[in-house]
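Below is one structure, written out as structure tokens, with a few remarks after it.
Going by the order they are written in, the chains are A, B, C and D; count residues from 1 in each one.
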Amino acid sequence: MNLNYTEEELAFRDEVRAFLDKKLPADIAAKVKGFRRLSKEDHQRWQKILSEQGWYATHWPVEHGGVEWSPVQKHIWDEESSRYGVPRSIPFGVNMVAPVIIRFGNEEQKQTYLPRILSGEDWWCQGYSEPGAGSDLASLKTRAVREGDHYIVNGQKTWTTLGQHANMIFCLVRTNTEVKAQEGISFLLIDMDTPGITVRPIITLEGEHEVNEVFFEDVKVPVENLVGEEDKGWTYAKYLLTYERTGLAGIGLSKAALSHLKELASRRLKNGRPLLEDPTFSQRIAEVEIDLTAAGISNLRIIASVEGGGVPGAESSMLKVKGTEIRQAINDLARRAIGPYALPFVEEELELDYDGEFLSDENAAPLSAQYFNNRKLSIFGGSNEIQKNIVSKMILGL
Amino acid sequence: MNLNYTEEELAFRDEVRAFLDKKLPADIAAKVKGFRRLSKEDHQRWQKILSEQGWYATHWPVEHGGVEWSPVQKHIWDEESSRYGVPRSIPFGVNMVAPVIIRFGNEEQKQTYLPRILSGEDWWCQGYSEPGAGSDLASLKTRAVREGDHYIVNGQKTWTTLGQHANMIFCLVRTNTEVKAQEGISFLLIDMDTPGITVRPIITLEGEHEVNEVFFEDVKVPVENLVGEEDKGWTYAKYLLTYERTGLAGIGLSKAALSHLKELASRRLKNGRPLLEDPTFSQRIAEVEIDLTAAGISNLRIIASVEGGGVPGAESSMLKVKGTEIRQAINDLARRAIGPYALPFVEEELELDYDGEFLSDENAAPLSAQYFNNRKLSIFGGSNEIQKNIVSKMILGL
Amino acid sequence: MDFRLNEEQQMLQDTVARLVRGEYSFEKRLEFSETEAGFSVDFWKQLGELGLTAVPFSEELGGFDGGGVEVQSVMTELGRGLCLEPYLQSVIFAGGLINQAGNDTQKDTWLAGIASGELQAAVALQEPQSFYDLKDVETRAEKNDSGYVLNGRKAVVIGGHCADLILVSARTSEAADGISLFVLTPDTAGLERRVYPTIDGSKGCDITLTDVQVSAEALVGQQDGAAEVIEYQAGRAIAALCAEAVGAMEAANELTLDYLKQRKQFGVPIGRFQVLQHRMVDMMSELEQARSMSILAASVADEEQSDERRRILAAAKNVIGRSGQFISEQGIQSHGGIGMTWEYNFAHYAKRLIMINHQLGDDDFHLEHYASLLQAS
Amino acid sequence: MDFRLNEEQQMLQDTVARLVRGEYSFEKRLEFSETEAGFSVDFWKQLGELGLTAVPFSEELGGFDGGGVEVQSVMTELGRGLCLEPYLQSVIFAGGLINQAGNDTQKDTWLAGIASGELQAAVALQEPQSFYDLKDVETRAEKNDSGYVLNGRKAVVIGGHCADLILVSARTSEAADGISLFVLTPDTAGLERRVYPTIDGSKGCDITLTDVQVSAEALVGQQDGAAEVIEYQAGRAIAALCAEAVGAMEAANELTLDYLKQRKQFGVPIGRFQVLQHRMVDMMSELEQARSMSILAASVADEEQSDERRRILAAAKNVIGRSGQFISEQGIQSHGGIGMTWEYNFAHYAKRLIMINHQLGDDDFHLEHYASLLQAS
């Protein structure tokens, strides 16, 4: 048993640090660390820097321009990214549709889409959920009917994250209504500029525009945009879901949030003393830090097991639940730490270049909003209830 | 709205206090308050005093020797009883079988059994649960087959509280296997001295003998011991369950336990200071006291509504859950308060007349045992899961 | 013992309920929230015309002499409707302060207007460093020949952005309790407001006081004597806030329960899943606890100050804070995605309930307070 | 990074596991518990013969030079079998104290015996007033010509009832850290033991020291220098206790899971009820957290003292305390009535797990300790 990094891994970490020291734009890091809003341009600028370094497509084979980091290397990257304030990567292109294209797409699709993802030319979004199909994804109703060389798509997708920026969407659509729900689904790549597509913002509870509804009305999609075989889309989606689950625990993000919380608690006062010295509050921080330490080790155990050729099972679903609970607990404490200042919500303070006067604490502004926004963590990406259903199936065999 | 007692109710409370001041034996009260063991003789002695006062059968009509207190009067009695250290009444005779006999029994049964309950001649126990029928009570298997003037009973009952003291048991038995589970059950009164009955102790996890298994092997029970109609026992049992649910929240018992906890916390030290002054521990006590305050008002609201002619519904099941959680939380804190002294378990210290040397604190002895024993609160009397099922049926209508 | 409202109280509650139902649809509320006032000036006027802003005041002021239970009846319904009007700030808290500590002139000048709804008042008691401790006052008032000069900062004054009167606490002596209360109009020279919306749809401001000269008549009550008054009236406001929270929780639970019955997944209403059922039961059970504490708080709100009153109010605010958060978070979770959206009602209840926990002390603050008052038994 | 045991560690763990499976059935355990020793003298002898009591000691003492991971391997399996032998007290804690602080003579005289299992030692560090603070020592040792005279009381000395050696802490100076450590044999004049069973099936005693004269050679380590040694070794014992707890939790969860699959109610296995399913998942998840912390604790147990080591050990004990209680309480609840009985295995795991929380500091104690070491980041 050895909980330390190898020499090579330590060298890699140094390399990562050197790169981030040199290349991560200070304004972007400041936004990330202060929980400010990132623009589309911010994301694109950073992606370009990563691409130039060859570190953008960490999950792809080298032949397609990827870097094939080991699980431990990815972990090191995640840790350092969180610490430095690297923007969260927008996964829909590079980490979601790309692995599906690489695994199940044809040569032409690979040639067409992969380079455009690498270069940042395409911004992808995901068309999975529908108003009537959330946790029960397989009950989706968006129809694609083959007519000659096209599919005609009609229906509605929802919870499409950052769809307002995207020019491409990958969709699960129903191509066969005669068979069992899971068996009549296909995986389509759709250009967002195709006539008949409308994007409508969904404003989340705290007032942000992050997710969207996407409407399809007689949208003509060339048949060459079908990935793999017709009616086999559910298989590809499941492949993707397994892919997605690792990382959903967000250990690195929790560490960054905890570090922010402790910094906040060392400045905010209660009874004239910093909250970090308050018996009650310091114990609450201690508890969540302890839980995070344990979850961090659990995460490493999964990573080491994957590195050793294992397949993450029930543990990664359990860790998703625990990890999101921890992040929500940190957000809850951050909101509590600012006391009455949880109430004011000056949206403009979310911009880094905001030049008005801050309320008492410039870092207080985003904290209530973030608390509310992150209630999504236990809902999206497979709700925590669904994760527990999966685990209980795996361990109870029922 | 008026949260105060009426003049009459205050007068009643004074009467109760005067009675307890005068008649409650000091040794019994000391045992109750110190969570010591009560003997059969203790219970009988106290029951006799209550009977002489005419206050034993508080649920019975006056014509049968009851006192018919109002819900508020019962509440006052419960409150004062807890405060004074009155032994918990053993409910199986006076509060369980008696109401069934009064409501569904024939004249002869009333004449035979009610006076013997009042006088203390009979000690009843309950034959409901079976090894295979706990929460799913209706699946019980103990058979009663009619042969001439007798039923021949075969089967096994379990969790029979204080069955070792009892000379009578009321049982749910299956008299018909041809119909739906609930429809073939009868309600039988059985003399424990009948040949073929064996009582075997069940030792609970902390080492006490409180519950039993009762085995029936060709036990001959006269048909006149059938209550009401054959195969209608489930109806009587349900009547009894509704009866039982009020009071299961144990608010008065929690108040007594909390008071004991605070007394303990004012003596036990941590960092050289009483636990009651420790920031962490005092807040834990505060939280449970607050919850108990709220549950106490909820209890009063139910009582006032019953007094006004209402029927307790979902609220009393919810209160059973909340009340048992609170009592378990108090027991947890008491165990925590004694720190390392949670480990020693000197059974003899549970006796009031124990004359050995006490460990550091004479009140510490029963606390771990009590914590473990009271895990039963959320299991017996309709487990908390079953209570929630009932409530969700009531409120969700599903 | 009787937990029912009497006939008048029931009528009062029904009146407010009817009014809210009629005027305060979800869509309208979103519109009110976006106006400059951040609430419905019209609805506020109606509350005044119907005498509802006068409920806790004497008959001379057109009021009912209403106590905790009457206030509870009004606030529960305002809470159910997520109403944005500054009833708590103006009628209960500011009105209560002047009513308790003001002299006759001040009552004639201001209280009558507050009771009729013609004047809207706000309380500026919190400061950047104070957290929830209303005795932690660094704003100073120095006596001079013309009265007092005030300097300092006041934080998160809900309703202060459009108030006609602002009650400001300021330190007049070094003793912990050496706090005085002043009534200011917002146009006073040296008083500056930074206005902002709040995350629960209301509005408020931070206030800077720079060499603000007020006359001696602006002092409400005794110099150095405001700490007790503020504590007492904050207690009344806590009881009112608890009632508001209970109304909001009732509405929130109704929404969740409806959703469980209607939303289908895997071919059945999601309310068929036992985990969601038991969670709903837990939410109902928390509401019962909150309701009980709101009742208890109402019963002591206008009683004489005592440790027992302090304990009950701290306990009530603690319970409401916890149950409000539980019902909000679990309600969002039970709703899934739709619970995360602006356009659906539930989230706004959740936001209000969470923010109620940030007004007048959260559950932690009150737990600590309660613990400090804990008696060995 | 590699979380797998190496071959030797795996072999060690397998050896203990096999031994426990063979010798330690549930029924036998109940019998062992009722003997005078309160454990199996025979099993203890086997542990010694197989060199398992020597695991953490040097090769000269017949040991493996085993570190945290080796100890973890042994303790996890002893935990899984609910073994009653004083491995923690004698081998890890007492052995560790002498190993760290003892002089050569003391090591020759006592450590060899502890490592071979021939001597059984106990630690008497807690006192009636000390709660879990091992620096809260009121027992006094006064130096005199013949050595030291000890007076005081020691509380809850597990295994002390039949120990050959008892390590006693006593105050030798008024400074907070002014504590010294003495090794006593139970027959020393003035040492009295009150023996009792513990609720988790083991045995222990309280000790009274009345004018107990010991020689200067009884002093282990420097006079006034024991506080650090005790803290360090308590840390090793905490790591070992965490491993024991993980073994017990694994076994407990297996029992609950089996029960969910086998027990039927309403015509189906109770594991079909979603509430019980999700609860089981939560129990597994708590076990994962505990397992991770046990691993982390093992990795620092024999490292040099530092705040980082202190933090990790406090965190580990805190997690184990919470998860142990959760798994015990929820396990009993999932079992229903049968979980409440003496004759069924589960309750004994529950009792041991809850009592582990009462040894070397409960979750609250360690949370507070961790909070005091919290760093702003």
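Following the convention adopted for this analysis, a contact is a pair of C-beta atoms (placed from the backbone, for glycine too) under 8 Å apart; a residue touches a chain by one contact, two chains touch by 3 or more.
Protein identities per chain, from UniProt: A, B = Pimeloyl-CoA dehydrogenase large subunit; C, D = Pimeloyl-CoA dehydrogenase small subunit.
Small disclaimer: the values here were computed from a predicted structure and weren't measured.
Trainee: Please state whether B-D or A-B has more C-beta contact pairs across its interface.
Mentor: Between the two chain pairs, B-D has more contacting C-beta pairs.
Trainee: Compared with chain B, which chain's mean CA position is the farthest off?
Mentor: A
Trainee: Find the geometric centre of each of chain B and chain D from their Cα atoms only, then give the gap between the two centres in Å, rounded to an integer.
Mentor: Measuring from centre to centre gives 38 Å for this pair.
Trainee: Give, as an integer number of Å, the spacing between the C-alpha centres of chain B and chain A.
Mentor: 53
Trainee: Please work out the Cα centroid separation of chain B and chain C, and write it as a whole number of Å.
Mentor: 43
Trainee: Hey, what residues on chain C touch two or more of the other chains?
Mentor: Residues 273-275, 278, 367-368.
Trainee: For chain B, jot down the residues that touch at least 2 other chains.
Mentor: 279-280, 283, 385, 388
Trainee: Note which residues of chain A are touching chain C in the complex, please.
Mentor: Chain A residues touching chain C: 129, 132, 134-136, 139, 158-159, 202-207, 268-272, 280-281, 335-336, 339-346, 357, 359-360, 368-369, 371-372, 375-376, 378-380, 383-385, 388.
Trainee: Which residues of chain D touch chain A once you look at their complex with the stated criterion?
Mentor: Contact set of chain D toward chain A: 1-6, 9, 69, 257, 260-261, 269, 271-272, 274, 277-278, 280-282, 284-285, 288-293, 295-296, 298-299, 312, 315, 318-319, 367-368, 370-372, 374-377.
Trainee: Which of the residues in chain D come into contact with chain C in the complex?
Mentor: Checking each residue of chain D against chain C gives 273-275, 278.
Trainee: Which residues of chain A touch chain D in the complex?
Mentor: 1-6, 9, 72, 258-259, 262-263, 265-266, 276, 279, 282-283, 285-287, 289-291, 293-298, 300-301, 303-305, 307-308, 314-315, 318-319, 321-322, 385, 388-389, 391-392, 395-398
Trainee: Using the touch definition from the top, list the residues of chain A that touch chain B in their complex.
Mentor: Of all residues in chain A, those touching chain B are 279-280, 283.
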